[in-house]
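Look for subunit A in each of the two complexes below; its partner is subunit B in the first and subunit C in the second.
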Partner chain A sequence: MKFRPPEAFQPPTATGYRLLPFRFGRLPSRPDEVLVTGDSGRFAFLSDTDFRAFANHRLDPNATLTLDLEGLDLLYRGDGPIPLDRHAVAWRTRKAFVLEGPTLHIFVVSLRCHHSCQYCQVSRQPEGGAGFDMDEATARAAVDRLFESPARQLTVEFQGGEPLLAFDRIRGIVEDVAERNRTARRTITFVLASTLHGVTAEQLAFFREHRFELSTSLDGPESLHNLNRPTPTRDSYARTMAGVATAREVLGNEHVNALTTLTRASLTHPEAVVDHYIEQGFSSIFLRPLSPYGFAKRGLARQGYSTAEFLAFYRRALAYLIRRNLEGHAISEAYATLLLTSILTPFAHGYMDLRSPAGAGLGVLVYDHDGKVYPSDESRMLAAEGDERFCLGSVHEPHRDLMLSEPMQAILAAGLTEALPGCSDCVFQPYCGADPVDAYARQGDVYGHRPTSAFCARQTGMFELLFGYLREGDPDVVRVFQSWVRRRSPKEMRSERPVVFHAAA
Partner chain B sequence: MSNKDLSFAIQHCEAAHSVVQRTAHRFSGRYSLSVEAGDGWSVVRLIGLVDDPERLEREFHAALLDDVLRARVEAETAPLRLLIVEAALRSALRDPDAGA
Partner chain C sequence: MQPHDAPASFEGTPAHRLLKVVDGLTFALGDTPPERCAWLAPGSESVVPDLPWGAVLTGPGQPTGRDDRPAIEAGSDDSGADLGETDALPRVRLAHAAAAAPGDVIELLPERGRIRTRYRRGANANTLFATERCNSFCLMCSQPPRQVADDWRVQDMLDVIALLDRDTPELGISGGEPTLLGDGLVDVLRACRERLPDTPIHVLSNGRLFGKTGLAGAIAALKHPNLTWGVPLYADVASVHDYVVQSSGAFEETVRGLLVMASKGLSIEIRVVLTAPTVARLPALAEFVYRHVSSAVHVAFMGLEPIGFALANRDALWVDPEDMAKSLTQAVHHLANRGMTVSLYNLPLCVLPAELRPFARRSISDWKQRYLDACAGCAARDACAGFFEWVKPGWLPRGIRPLNAHEVAEA
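What follows is the complex of A and B.
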């Protein structure tokens, strides 16, 4: 563009500065202070008096606080036009995923599984069941769709059921992808989400050849894991750990990850769950609450818990994780790391469930075993219960048609936190996301209702917890958080007070 | 404790009707409510478990004050936010590999 628009040339107000877009709110633990967050993700804690002065243009333009707020992109003091390019780059950086197109492509190669977990959100089928595996024509069409995605970096994730029960299909898809990628030249990462029960040397050699990342489920100590994840032989834990050990030998520790699903039984043992992950040599733990989908819905009455109970658990677990890190055990909590990445860096975290615009369809596509395409795993779960409203179409339809389908229109309309009631003016909006499929599953409405949303309550609680730590500014805690964000050991990080915000006096 | 009915009126010179609606929305998880626009007034009615009506009304007014400020800041900064987003989109479409 040759000329800037007239608005960019407006001089500062008579008081010497212009406000840049921001949101504000208060933490329950510090009701006398105001948390201010800018669109760039930078933030400040201000006393109520300073905040009112700032927002009402009453700050001295040359005061230290004014200079600090300008440094945080919350106001502009210059006489000339606002440096639009700099702010545009910040915006573009945080929303870089928008123009990428779907990067995560999930292939559900089989619904069969040898587990019968109460909390399972997947529409699993018995191990010996017939007609629940992806056939070759479906697999090839799904690979067509994969390469129609404009994204240069693609993740191909294999899920089930238990995907290893259809290993030959995985092999066929990977070889097809590798062959086509000789000319397509995308950067492709393969991921397998598996129990790893009975994984063979041949399979692991194949995964090593194609640089797979393996992700398994480990719910904590043996008794808890076996309680949560029953098998007919009652040895789920032993078989999982055997699979983890073998996989680590072949692929290396860093390529074998685990996540935990929290049941009511888990909530009383945060320290034991964390310690178990440390004992087993994991460098990350993902404390995942139960999902309100599919089979899991039926187990909620017995295994479920309130958001308040989850947050109480999470608060305790996070405090313990920080302590263990400071004792020399480098282990991060995956969800906190995602949120902190968004809070402490200029970049978005990339997590599909927490994007605006929503990650469903725009960032992820799921190819079910029967050839149906969904915008997220959760919408596939709803379909398994008989609600097909989010099915985008068939794997044999071109990517463009899937993206223009009615369900995608609904997701786009309801997938912007910048426009949703209760989100648009939320102080945590720059770091949060919309998930219309989740809103529909929980509340029967893609737009959702934030004041009664468990998702919103959980997100708000976690943001309040993390910002509470940041406000306290304990250099050791900040060092641990920075180590998680930068994927380093806390020992490698310098201990210092964060300089990312202006703390109220 | 039984359900109680609490009503109060807010002058539009204090807060626009749309701002009162926004504040009321924040309370809609805890109470059944209605917001009606009258002649220069918004009338808010909250129905639910109210153990201290005066405290609830104070809480509503505190939230309303914040929302009045939010509306003012939003009006003041919205044109600039639009410019920034437009510039970001333009640069991303013009040069997909640069900037981010």
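What follows is the complex of A and C.
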């Protein structure tokens, strides 16, 4: 019969291979190896020798390593045209958010709050202050802008201040949105970011009716939480947990989430913070460092810490979280989950702060209580400090004008990691994002300066930590990571070895 | 699929070669005109209803009383005697009563003295054979292709579809490469949608033509509610896949075809036959599928079928299940952990690692499936794929043994 041998289907040896776009770098924990990443997020660890052979076209075209790298889309052995369609589809999948338009619409219904947190990102006002609530005309115009966004899936998030202090406005907006959506037919998720202090049965019934996701702040054990979040009555923790308990009863545990803001006082207690979340029955914890805005900027001397201190904390917390997961407690770390989703899946994670093009404005719009529109929460906070640079305009201007405004053009120009100095050739570029507002807030310039950027240092540290775990390849750790990406319990994950992650001998 | 032929003797000349086998209930519940039906006479004494049947079927001739279970009971060999007006109808006497049952679709082959079952009601697999032609030449092809002009099969498939039970549980379309029929395949799928809207249709295709024709768009426009494409992928790199399918450029065509199919919203199943060249890169293939065809609704890893071209290429293809256990486990877990649905076909439970047994399906069509002497006393038989009827020495895995009840419970 006329069957041909395997050699008949190999490209001619003389053809060699062509390199596809890649970036490379070394992990501090593996200085003798090179991490290579492709445009669409596939990656390999190579020995230094193999890497040099690979990059210099000296690999044997029919060696197993060469085939592995071809399968990872890092090189192409054929002598025909490179199959760009496959790469284009992979890239488009990861950038799908670009075509959606803004999906997250934040309504700041009140600046009033009963807390006086040192690290507050927002210029909050006293509980009884007047003139800090969103009026009806502003709310209606903001809903106009919401439905002008082309996105099929919309998230309407209520923020403050403490938005529950303006519950009637929330109700008005939700009812307006629901009414208009009978013809607009978008998929809409409502989110409330609240301390949940004093949340009432009537309010919770309303949230259930409209399938709200509730997001609150819980900084850890009672003493730490109350230290971080002072109220006149010094019972913030007790009141938040009372709100969490009643909210869970009405909405179900999975619809009540919590965020942690880390102060200097938190950094010495990673295990206690993690254990507290487990004890309180949360399935996710978001270990957020302080952001350099608002009151936090002023309180920085007392509560702040360096990126190195944060990373040391985070390293300990992550190791402890992995251990607790393997002991049977299914709890994920939200930021690691976002980064791992970007590393281990063909999809985008959707997190606004880590997009390229930037999420500011392209993914998020913020409607402030006074009718001003911002491309992100951070730019609203800058405005509260007196710098209106990122104000896109008024809620009474059409979506198109807001998107074509001068601040949006600045964000677009500085919002592509593919093009930013220090990002474009970074090995972690496929997984990272640009945040021009953050760069401006920290460094006074939308482009930022990577070597001195705290954002870059933190991102790099996180990626090095996660890729270090992946390189080690402990099947149990991989199983925990995969369970976070899949939002399942680690017990549901089967043992797997990351053999396809690295081609090193 | 291998057609089932059965001997039969003929009286008279049938006007139609394709007929639906009916008894009173099947006829009454169906919508097939009597001209396109073969009346299955339950016994020699039974009255044939006075309708212009396409043919009358009788059993091989043991005189018995009336019985309403025709597949078991046979009729008299003197069947023509008392049938009055229906005397003029073509008569087909089956050599084996079980060769036809109500609901089946049969093809009459009077010149050869046989009937051929084209659809069997209640079988676990029914398949329409689309063409003998193929644009690949796979090392392990179970249905070696032939370059013949068989476009007539389009009309033949349309004729069979018109006779199928409206509640047909599932239907396969296979070849050869069905997409070589082009618009003819679209016509067949349209007929499936119209005649059998609730029947899942499963087409086996190498996907190569989808990347360079408008076929995907034409099929998407049918809006068939339950149509899946089983597309084989044998490696993450071109040289290995192209070797297995013996066709240079096939890998890039198939991958491009898959992307086009996915972009048109077609439902894709990836089928991986476990041959030696494929097994060598199996975990990498799993990750490739997840990265590039993540919308696939199903990934099936399939044991090699010892038939067709595989017989000539055994040494290049055969891997004992025990020797592939590690890479197969890695590939299956990798995909399952990423939320993809994974199945193992054609692999007996006893030769799989315990952790893979939950993925194994009883996949071999009932008419070509068997168990071995070594299977005696096995507690898992009812759940096990067993072996192909034509399995032979050199194709038997090591370690075939009966599983005990404890092992079955674990799976």
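Throughout what follows, the second predicted complex is superposed on the first by the 487 of 505 C-alpha atoms of A that agree within 3 Å, B and C clash if a C-alpha of one lies under 4 Å from a C-alpha of the other, contacts with A are read in each partner's own complex, and residues count from 1 in each chain.
Throughout what follows, a contact is a pair of C-beta atoms (placed from the backbone, for glycine too) under 8 Å apart; a residue touches a chain by one contact, two chains touch by 3 or more.
Keep in mind the model is a prediction, meaning the values are calculated, not measured.
In the superposition on chain A, contact is made by A:345 with subunit C only, not with subunit B.
In the superposed pair of complexes, A:425 makes contact with subunit B only, with no contact to subunit C.
When both complexes are overlaid on chain A, the residue A:85 reaches subunit B and subunit C alike. After overlaying the two complexes on the shared chain, residue contacts for A:96 are found with subunit B alone; subunit C is out of touch. When the two complexes are overlaid on their common chain A, residue A:319 makes contact with neither subunit B nor subunit C. In the overlay built on the shared chain, the residue A:278 is in contact with neither subunit B nor subunit C. When both complexes are overlaid on chain A, the residue A:486 reaches subunit C alone and has no touch with subunit B. When both complexes are overlaid on chain A, the residue A:68 reaches subunit C alone and has no touch with subunit B.
Taken together, the two complexes place residues 1, 5, 8, 85, 89 of subunit A in contact with subunit B and also with subunit C. Residue ranges on subunit A touching subunit C, taken from their complex, read 1, 3-6, 8-11, 40, 42, 62, 67-68, 70-71, 77-78, 80, 83, 85-86, 89-90, 345-347, 479, 482, 486, 493-497, 499-500. Against subunit A, in their complex, subunit B makes its touches with residues 22, 25-30, 66-67, 69-70, 72-74, 76-81, 83-85, 87-88, 90-93, 96, 99-100.
Here subunit C touches subunit A in the complex through residues 137, 139, 235-240, 242-243, 246, 248-249, 252, 255-256, 259, 263, 277, 281, 283-288, 290-292, 294, 309, 312-313, 330, 333-334, 336-339, 355, going by the rule given at the top. Interface residues of subunit A facing subunit B in the complex, by the touch rule stated above, are 1, 5, 7-8, 18-24, 39, 55, 82, 84-85, 87-89, 91-93, 95-96, 98-99, 421-422, 425, 449-452.
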